[in-house]
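Same chain, two partners: chain A is paired with chain B first, then with chain C.
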Partner chain A sequence: MLKKLKELRKTCLKMSHAGKDGNLQSVFSSLEILYALYNGVMNWSPQIATSSERDYLIVSKGQATMGQYVVLSDLGLFSTDELMTFCNFDSRFGMQADRTKFPEGGIENSAGSLGHGFPMAVGVAMAHKIKGKTNNVYVLAGDGEMNEGTMWEAAIFATSKKLSKLCLIIDDNESISKMLSIGSLEKKLREFGFAVANCDGHNVNEIMTNIKSLQKEAEMNQSPACLIAHTVRGYGCQTLMTDPSWFHRFPNDEELKNLTKEVDTFCENK
Partner chain B sequence: MRKQMIDSVSKVIAENENTSLFLVDIGVWGFRDVLKNYSERAINCGIFEDGMISIAAGMSLSGITPFIYGISPFILGRAYDQLKLDFCYQKLAGNFITTGAAYDFSKLGYSHYCPEDIELARTMPGLEFIAAGTPKEFEILFNSTWNDGNPTYYRLSNYCNKFDAKVAFGKAAVIKKGSKGVVIAVSTMLDSVIEACGDEDVTILYYTTLVPFDGITLRENLVNEKILLCEPHFEGALLPAIIDSVKDCAVKIKCVGVPRKINRNYGTKIEKDICFGLIDKDIRLEIRKFFNN
Partner chain C sequence: MNECRDAYLKEIVKAIYDGEDVYLVAADLAAPCLDKLREDYPQRYVSVGIAEQSLIAVASGLALTGKKVIAYTSNPFLVFRAFDQIRNCVCAMKLPLVLLGLGAGFTPPDYGFTHFILEDINILRGSTELTIYNVSDVNLAGYVAQKTLNLSSPIYVRIDRLVDAEYELTTNDVDRGFRVLHKAVNKKICVVSTGIMSTECFEVIKSRQDFLNNVDLIDVFSFPFDEKALVDELKNCYKIVTVEEMRLQGGLGSAVFETLGDAGIYIPVQRLGVDISRGLSSHYGSREWHLKQFGLDRNSIAEKIEKSLSDR
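On to the complex of A and B.
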């Protein structure tokens, strides 16, 4: 794992400890995807965060929001000090973001209720198409979210309107298989007309490479794209990967020390 | 009113590149020219109100003001969560125009009724609610709100008032002044209220903007501490707004409106009005009882 990703995970642990809340398993599952998007895929920087030329990232999987905060902070959009106000009464940084609190950009949508972000992203991509613009629109969704009917309504619309600048990234941490057997997401999305690829969702280079080749395919097919990024809940911290109680929990002082150490010593081959 | 709505929306779509129209397989014939001439922006999406409203929010996020036309329960009821979270919470502009009112589609059954619309809307802070009584009033209210940057809901009805009142967004119209009390006529109730009041010495206030509610005009015109509220939706739906407007006064209030029950009858809209006591003669009796005792 990149040293930087370990640092970001440790910042998440500190935020969760400070704000006394967190979906750390979901955040750690999405972190490489978010990092890859902002550091090699998207046309985005703090300097163009409100420019009409920027690429968009819509976070449909709201539980990953803390990951977005730390990646954007790493790029200089927010200060680490402000991140540590996480979940305070008058903080800008909640468990799920409120876009109206971020006039400097970065947070494009207010997430929380699953099944809303992807259709909104389809609307953003459609608006760009109408305006003749070529901005890419990325969406981070969870595999569990694919249970929502609105995700498939939006998929039909996106294919029908040939939204080739739209790229859905599914953080597939096998949430859905714990509830229902949905079968192959890949086959379903192909049937819905998407260009689809699979990758290791914790390998930054693989994420970047796959998105780039998917976008070429999508452009050629005039179809939307979908990357199914295979991930592990709580990745990068042994306890979070193995103890389900960490789905919605924050570390106390002692746990913060232990989990931080686990992140430091995490070895990908384990 | 539907024809006026089609004319008004079509004009806006034709004149403004940064607008879009979504139909839920409703109004396709009426909007046929717009659908043909602006096919990139004017779309009959088919039947998926909730996903479509999120898509519309995404378009609004990118600077394209969306118009959505559908049947009231399928917009306000089925897509409540999308209106609340994607438009109101995220402070996005959008226009939601519905046909059907409380029970205009009387023969289609309860699934197509929406007497609860204003109460649902009032639970979404930031959502404006327009209920014009005539086509001309719709045109005036629509033109002053569609581009105001807020989410706005427009209730259409096939059963309009006969005469146009002088309406303005956010303002109640004073139809006449009297001394025995105030009768509030909401939207399409105005004809029945005027007829029912006859030469009774009462004030009539006419509301076509239901959110934001014009409490100032009510307070300024409050006489004899009596208010009779006549609504074409669930009875008493606007009571909280009225109480909030006159909360420092002891006021006696009587409500006339659609009873709060699942209505299982069919027939015509007028038959329902008769059944619910929403026609002139019934309202007249209420007025006499309320203001003369």
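On to the complex of A and C.
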């Protein structure tokens, strides 16, 4: 794992400890995807965060919001001090993002109700297509979210309108199989007309490479793209990977020390 | 007949031909006055199919890029099917977007309960950032169309195709969210109505000299409205009758009660509307038939006003 990703995970632990809340398993599941998007895939920087030329990331999977905060902070959009106000009274940084609190950009959508982000992203991509603009629009969704009917309504629309600048990234941490398994996402999305690829969702280079090749395929096919990023809940911290109670829990003082140490010593080959 | 749907949409079509960056996102609904636009500017009419939730979210995405967007489909599905999208994708994000719902009250009457639109305003009244326009005449439809071009927050436009009345609409009316349709010489009773019921009540009042002399009529077309201004209009009458083709719970009558109560004004209020304690009608029948069942036809309204006057 990149040293930077360990640092971001440790910041998440601190935020969760300070704010006494967190969806750390979901955040750690998505962190490499978010990092890859903002550090090599998207045309995005704090300087163009509100420019009409930027690429968009719509976070449909609201539980990953903390991950977006830390990645954007790492790029200089927010200070680390402000991040530590997470979930405090009157903070801008809540468990789920509130777009209206970020006039400087970065947070494109408010999140919290699953199944809304993907169709919203479809609308953004449609707006760009109508104007003949080439901005890419990315969506981060969870595999569990694919139970929502709106995800499939959006998929129908996206293929029908040939939204080739739209890239859905599914953080597939196998949540859906614990609820209502719907079979192969890859097969279904291909049937819907998407260009689809699979990758290791914790390998930044693999994520970047796959998105770039998917985008070429999507352009050629005039279809939307979908990357199914295979991930592990709580990845990068042994306790979070094995103890389900960490889906919605924050570390106390002692746990913060222990979990931080686990992140530091985490070895990918374990 | 110049009706409110066309009055609204024709203004929008004209604006698009004049160069405004307006988009209609529609779920299985068009209109004859859109036909030429759809040929000349096919990209301005985006069909999402029969998918109301997708309609609102996709329209929100278009609005996120700064476009002027109208999400257009039939009521009641616009509101009821996609309420969470309205709440989160539109209201919570304060997106300047129009929710344009065609249909109101007991319409279409012969489709039965699934198609009645009796509690949309009641539900949406509690939505943050949203302004509701219950369009009660073609001039208001034209005003709302102009407003569509300069929105700063979301609006819900409820259009009843059977409304074809024309009333004066002043800037003051628009600011207050209601207008006085009739001012009596002796202000004894004030009828407060909304939507097509404003036309019905106006016809009732015009039909009798004693009503013309003693009964004011106020058309509340916007929620929220200017509460202080409404209290000023109501405070000198001795009885208020509210009339709405909506469920009573949380509707216009409730709003009037709340407004008076908050102002510490205690005037008897009689609410006429769809009283669900009597159960919803399971019969198919005309709109007029349904209105009569709930005491909302002209004769019933006249009886209530007459009794209120004689009770004095």
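Here is the rule we use: the second predicted complex is superposed on the first by the 270 of 270 C-alpha atoms of A that agree within 3 Å, B and C clash if a C-alpha of one lies under 4 Å from a C-alpha of the other, contacts with A are read in each partner's own complex, and residues count from 1 in each chain.
Note that in this section a residue touches a chain if its C-beta (ideal position, glycine included) is under 8 Å from a C-beta of that chain, and two chains touch if they have at least 3 such contacts.
Remember, predicted model here, so these are calculated numbers, not experimental data.
Model built by superposing both complexes on chain A: chain B and chain C clash.
In the superposed pair of complexes, A:S113 makes contact with chain B and with chain C alike. Of the two partner chains placed by superposition, chain B and chain C are both touched by A:E153.
When the two structures are aligned on the shared chain, A:R99 is found in touch with chain B and with chain C. Using the contact criterion defined above for the overlaid structures, shared-chain residue A:H128 touches chain B and also reaches chain C. Within chain A, the residues touched by chain B in the first complex and by chain C in the second are 58, 98-100, 108-110, 112-113, 115-116, 119-128, 130, 149-150, 153-154, 156-157.
Partner chain A is touched in their complex by these residues of chain C: 23, 25, 43, 46, 48-49, 51, 53-54, 57-67, 84-85, 87-89, 92-94.
Residues 58, 98-100, 108-110, 112-113, 115-116, 119-131, 149-150, 153-154, 156-157 of chain A touch chain B in their complex.
Contact residues on chain A toward chain C in their complex (touch as defined above): 52, 58, 98-100, 108-110, 112-113, 115-116, 118-128, 130, 149-150, 153-154, 156-157, 160.
Chain contact summary for the complex, chain B toward chain A: residues 18, 20, 40-41, 45, 48, 50-52, 54-64, 66, 81-82, 85-86, 89-91.
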